[in-house]
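Note that the chains take the letters A, B, C and D in the order they are written out, and that residue 1 is the start of every chain.
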Amino acid sequence: MDNVVSEFISDELHEECGVFGIYDLAGGEVASSIYYGLFALQHRGQESCGIAVSDTNGPKGVVKSCKGMGLVNEVFNPDNLSNLHGNIGVGHVRYSTAGASSVENTQPLVLNYVKGTLALAHNGNLTNAPELKNELSYTGAIFQTTIDSEVIAYHIARERLNTPNVESAVKNAMMKIKGAYSLIVMSPRKLIGARDPFGFRPLVIGKRDNAYVLASETCALDAVSAEFVRDVQPGEIVTIGADGIESDTSLCIQKPARCIFEYIYFARPDSYLDGVSVYNSRIMAGKILAQMHPCEADIVVGVPDSGNVAAMGFSLESGIPYGMGFIKNSYVGRTFIKPKQSVRESSVKIKLNVLKEVVNGKRVVMIDDSIVRGTTSERIVRMLKTAGAKEVHVRISSPPFLNPCYFGTDVPSCDQLIAHNNTVEEICKMLGADSLGYLDGERLSELIAGDSGYCDACFSGRYPVDPPQDDIRGDYDK
Amino acid sequence: MDNVVSEFISDELHEECGVFGIYDLAGGEVASSIYYGLFALQHRGQESCGIAVSDTNGPKGVVKSCKGMGLVNEVFNPDNLSNLHGNIGVGHVRYSTAGASSVENTQPLVLNYVKGTLALAHNGNLTNAPELKNELSYTGAIFQTTIDSEVIAYHIARERLNTPNVESAVKNAMMKIKGAYSLIVMSPRKLIGARDPFGFRPLVIGKRDNAYVLASETCALDAVSAEFVRDVQPGEIVTIGADGIESDTSLCIQKPARCIFEYIYFARPDSYLDGVSVYNSRIMAGKILAQMHPCEADIVVGVPDSGNVAAMGFSLESGIPYGMGFIKNSYVGRTFIKPKQSVRESSVKIKLNVLKEVVNGKRVVMIDDSIVRGTTSERIVRMLKTAGAKEVHVRISSPPFLNPCYFGTDVPSCDQLIAHNNTVEEICKMLGADSLGYLDGERLSELIAGDSGYCDACFSGRYPVDPPQDDIRGDYDK
Amino acid sequence: MDNVVSEFISDELHEECGVFGIYDLAGGEVASSIYYGLFALQHRGQESCGIAVSDTNGPKGVVKSCKGMGLVNEVFNPDNLSNLHGNIGVGHVRYSTAGASSVENTQPLVLNYVKGTLALAHNGNLTNAPELKNELSYTGAIFQTTIDSEVIAYHIARERLNTPNVESAVKNAMMKIKGAYSLIVMSPRKLIGARDPFGFRPLVIGKRDNAYVLASETCALDAVSAEFVRDVQPGEIVTIGADGIESDTSLCIQKPARCIFEYIYFARPDSYLDGVSVYNSRIMAGKILAQMHPCEADIVVGVPDSGNVAAMGFSLESGIPYGMGFIKNSYVGRTFIKPKQSVRESSVKIKLNVLKEVVNGKRVVMIDDSIVRGTTSERIVRMLKTAGAKEVHVRISSPPFLNPCYFGTDVPSCDQLIAHNNTVEEICKMLGADSLGYLDGERLSELIAGDSGYCDACFSGRYPVDPPQDDIRGDYDK
Amino acid sequence: MDNVVSEFISDELHEECGVFGIYDLAGGEVASSIYYGLFALQHRGQESCGIAVSDTNGPKGVVKSCKGMGLVNEVFNPDNLSNLHGNIGVGHVRYSTAGASSVENTQPLVLNYVKGTLALAHNGNLTNAPELKNELSYTGAIFQTTIDSEVIAYHIARERLNTPNVESAVKNAMMKIKGAYSLIVMSPRKLIGARDPFGFRPLVIGKRDNAYVLASETCALDAVSAEFVRDVQPGEIVTIGADGIESDTSLCIQKPARCIFEYIYFARPDSYLDGVSVYNSRIMAGKILAQMHPCEADIVVGVPDSGNVAAMGFSLESGIPYGMGFIKNSYVGRTFIKPKQSVRESSVKIKLNVLKEVVNGKRVVMIDDSIVRGTTSERIVRMLKTAGAKEVHVRISSPPFLNPCYFGTDVPSCDQLIAHNNTVEEICKMLGADSLGYLDGERLSELIAGDSGYCDACFSGRYPVDPPQDDIRGDYDK
């Protein structure tokens, strides 16, 4: 869940962003609430973060912002927080692949345009960003970042010229951009939340006294003691102004395509997304695994932290006792750099150690959320065997990754996916496991309690939106 | 386990140190192994850390060291690690109370004396340090730190004048110092491990190819792929030299007094201390709680991370299902500073969130390792109730704290201990809990599988060594 | 010349930028030369700096850049410099007023547009930036910074749509922008230097083997061992491509308006600007002062560092011996923060001390380059008297400041200018001086050896270009 | 004067320390005055600095200190200064050779001993430190630093056992230590200043209202608006207590040996040392040079900053006009690291540029304070010639360096001294100069207005105290 260990990273997936917005109609300061909210969303992005605030009662369009590379508690401190005066604001946490990791690309994007200032925070990936950038450049646009948010901002700015208000401009812009976006836009007097019609990424509404909150996940509402109001619907635009909240659902479609992997891995288990408890989804994933891939074993363990809930589900269904198989070192931090002279020690050992007492002499069911390249899984199986496990039965609470994701996560290209090039049997052998079972793709809908519309393209290859034609990476490197 | 949140801190206990030493008889570099070992011991001290190394084949007594305030991954980087050339070395992680938290007090202590150089790493607290400092000062000694290690170093240096080798000097020094110490001493050609006769703090021996390792806990041996050889016995001095390992047990006594709280809280569950699995100790603590303080309930949850294993033990014994009641935010980091403008948000929420799905509508048994002042426990009980728990039955896997510790932990003075001033019934009410049960002090020996000698002074008031006469805090503040 | 001391700052003027560009036609690396060049231009801006480089033989339009707040030796280090591979590049040092001091506003501005990448470094201030931003915003432009360079970049990008090459686009853009600009533009295959038709700010051309260099001042050529070729003429565009250097002078005008204060204060004395030695200009200023405002005195001293050369000129003309009246503490650094508890010590004393031996019992002529608010001058006069000076005759090597500057310096608004509100006699009294003489505005042309066209608007109020209609400060604050 | 440029460093000499102490009898805070005082002494040491303060009315012996690597304005900030409460304190700036440059060696040394706390700041070098350390170690002493101050502290601590007060202990200690030391000792209730009997290093007394000040140079008194009272005499001990200042001169000797190079180079020209103006000393050095080594020339220039005053003296005596031959870049800072890819640019160019206008076509007399290895001088001569100087006549305001210094400066060993291995004629040729003249050693006494006792061992080889028998560098490397 974090890019802790260089070796380790290669086998972990990353969400690309989390967003948080708040508008206190009664005029209270909001920077510290955004700070707390971003802490709760830190798992969605550990590379950079930022906060932009404004005062709806102050001079129009004065935005104060602070952004930087690093974790929330590295970028913010009492001094810079206390400068962020305002009763409306938006925050962002970000992960990105290395190339575009730079301070220019931090969010929220803060800008001036014809109607004053805007601040944007965006979670997701547009699939037609290159085409849109190309089109825009032929009208004289310049791009100072390599993030999609800049493309969205341009469209809002241009639409705003011919629309009566910013929410209409957002709507018109949404009719041009394609792909995944959960978006929070702060204008001088309004806070707008919008979600793409497929609803790839989550976005929820909360309320605390006179303040409305928008956030990627409900866990961020809990962090600021806000009550959950409802999810922003896929395709919906909500506009929070001095008079309260308004909704435009005219872009909503029949059947959205929520990212199923949010439930399996990305989101925090204490969050509820589109009415579904992430915790329950994972319990269910574990139960299905136990049904489809039962095995004789003495203990079920989860690979921390993400495998633990599914392991409990497996245990509940199979009757095999749940155990704590691993100790995770929580002090490793965001980055781990191997010493130059190091040869022997494996970096996976820095992060995890097996509880010998739990697995020694046992037949172990090991639950993990996914296998990307397979390197980490192989090491963990080996650690379990070294600790005395008689058998290791690997169960994965998702189907095999076969296709890249273009909607806001970093599932790598096919040739790096172990499941793309190998059968389950071959993978099992490569891991050194005694058996291997993946979640059956046919049963994914059970994770979200009925097929209310989800995206499983990374497993099935069925993309709800056409993939981008070219690589969407920018061509300069700051 | 970490001093994360300022409010939170007040209700957590801290170990005061972890030590790690290694001597590669074949001449290999050891700095990176010490670095990995300190990572695994980080839970024993997050305030400062350091490494000192030497080359037993190089010019006699050249020690290279690097120390600093902060976590292992904050203080060390590839550059400073690559400067630490040598095949023998010692490392240290440290926690201290605020007053003496300074770079002068970081360890290992590196010094020159009559026979060249010494480096010392020390876990524990001497009870006669003030008297010894006083005595030493009357012979013209000067003290540049406020750590006991300096007192130990002086005694070794003075004894060395009349002893044939450094291990004899260590032994003679041990006859003068009183209290708790697990000590690693690096001389130009030897690595020495020593443990006070009561064995308050742990110290283990490991081996990897031609290298001997000394460490506070076995989890550090795992981290460097060393095999566990045995524990250093209470009172034993082991000397690792070019010819291998030698032992002097002449200071060993009949019945040691190992800190029982290492098993309950301080040590990592994957460690084995003096032949006992910490994990098993905690499972047993949970089982005893279930026997002594049973209750009708629907789910058992542990306060993460330290309450989880005992919660499993309670579940195993009681048959009440184990559940994951909380999500812990692992990104909060070592320090958390509340924003100045913050009024509403409780900092405990930054670190923990309740899994509503698990506790809503349930009668909950909540297991924690201890209650110090009670403030954190009260908040967590309230969070559970807010999340819908019908009842909250608090079970504590240790007896009530009634007395301060003088042997290397920071159990505060009596007047701050909730149990010192209140009955169990009163505490239960203060916590807002529906029932409260502590581990029975009489059954503590079961945690370590028979009374092989342990210290429970913080619970019982039976101090194996006389407490210090004065406060041992130094009187200058760097 | 540097914003050293908070109190002190208020009475110093600041240049707003320095630029440096280089294109090595033979393909050699240029980052280190830019680094050395920026060091030599550091006096033109100490707030932030940046370097952007590209490889004309590599994939088209890949730009690597590094920017940051602080001095050149604070922002750059061997690691980040060694990542800046390329044989063409541009660098920038910047000063700005506090409000817009942020990392977003650092230069060079690096961007993508229809033809790939551009990097811009700009010295000066546009006077029609607000109007242009307004116009652009009505075509949907968004602004992520508050620097004029972004406006220039937009115009180049838009003009590029209808022009055959980037230099034509620069030219067309120049026909729209008004005010002061010395500009270096790096396109994938060309380095372009341009200077506004009035030539407010300097720009010179140098050459070293196969490399062409553009820089604000010749002292930067010296720093990289390049030979001075010639000045870029006011209004000229020079284009350095694979085939060498080309010039377009079609925008040149009859009579430019070079900033006379570059000679008096901003530029380094070892630089030659538009054929005139800055050193000679200052010597001449001192001589004119001696002619116009002679006095009986024993010694002439300059306020370091900027008053020293004019003091020599005064001495040469008057025959009164030149002396070193002050010691300047060169260790104070860029920023000086007064301790909270400080009451007594004046911060001016941190930076300067009087050489008693030189002034005690003497009638002193004290030469400074200008008086802005008068606070610093008053303190320095007092220091001289305290050190025993019998008389202090202040001579200022520029006319009185009466009007703000809109062309790239920070001469403050009228109400803060001591000369705007007081007669020379009154100022003399306020300073505690025995006499006061300013340089006569009529004789300014002698500083540059004949009236080849200069701007003295800050003294005379004769603006060569209409001042901006509104305040040009941006309205958001990052 | 600062270790700016790696190449450059090799040819500059360094003072090894500056000290500052203050005791406000009226109880006022002193930390900010120490801060200002250290700023004024920064030229005496740029590697590390520190402040220790105490409250003479507070609990006895509570010392607060803050030390660190770097310049005064890098180590101190309003936060850490505001924690340094107290009305008595001592500060230190330090330079050292690379090996022992570490945070352990920063001063003031703060320690506990039999009578409470002591803080020591020391300028100079003991010549018998190795023997004393050896002796001490045979009584069981341990050494945690490699600085002489620790040896002095041990002796004071030991003597204190048998003396009625700390000043007597200092005196007894002084009878054992040999070499150069200007020392400030802070005990809980007294501030003591002591100077070795030869008075190698300066130490002055100042007064401001109710506060007494001790400092290395008078320029530090000016910085805190204190009036100069008198110099501490060589061999004198002054004790400032609640009742004022007392003096013990019983260790004073007939003829001291003040370091003559303080006047020539180390001290600031605005300081007065032992009754002599440093400025006047340098003017005199220039005059003597003009008398002894006259030449036909058009202009006299000084190598900044240290050569400027002597250049004025030369001009005064010879009648050849004084000119500003060089521009020094004051933004280079303390450290300059050459970029890895740099090949061409000479680092001396970063720091200095020639004013062509001044030297072109002229016969130039170039005054510098000394030549150590000759590398820098050679480059500067070359720069002058490249700038068009017809002739360059080098005049050095000190005699040739022939011997190392053991009394607190870093004159290197003989084999690195150009004058040790070459005749003046040879050196002249190596420098590429047209003539070369050194100050005549016979006339050194004129610099300090009569032979009141000075040390010129680095020139003459006449050491007032026997040089140390062994190298005094410590043998461990932190």
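Everything that follows uses one rule, which is that a contact is a pair of C-beta atoms (placed from the backbone, for glycine too) under 8 Å apart; a residue touches a chain by one contact, two chains touch by 3 or more.
Fair warning: this is a prediction, and the values are worked out from it, not measured in the lab.
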(message) Once the contact rule is applied, which chains count as partners of both chain B and chain D?
(response) none
(request) Could you pull out the chain whose C-alpha mean position is farthest off from that of chain B? (result) C
(message) Centroid of chain B to centroid of chain C, CA atoms only: how many Å?
(response) 59
(message) Using mean CA coordinates as chain centres, what's the gap between chain A and chain C in Å?
(response) 47
(message) Can you work out the whole-Å distance between the CA centroids of chain A and chain B?
(response) 36
(message) Two or more other chains touching the same residue: where does that happen in chain B?
(response) none
(request) Work through the pairs of chains, note which ones touch, and then classify the graph as line, ring, star, complete or other. (result) ring
(request) Return all touching chain pairs. (result) A-B, A-C, B-D, C-D
(request) Write out the stretch or stretches of chain A touching chain C in their complex. (result) 59, 61-66, 103-104, 109-114, 116-118, 133, 137-146, 150, 153-154, 157-158, 161, 474-478
(request) Flag every residue of chain B that touches chain A in the complex, lowest number first. (result) 2, 29, 31-33, 35-36, 39-40, 42-43, 46, 71-74, 76-78, 81-82, 219, 222-225, 268-270, 277, 279-280, 305, 308-309, 312, 322-324, 327, 329-342, 344-345, 349-350, 353-358
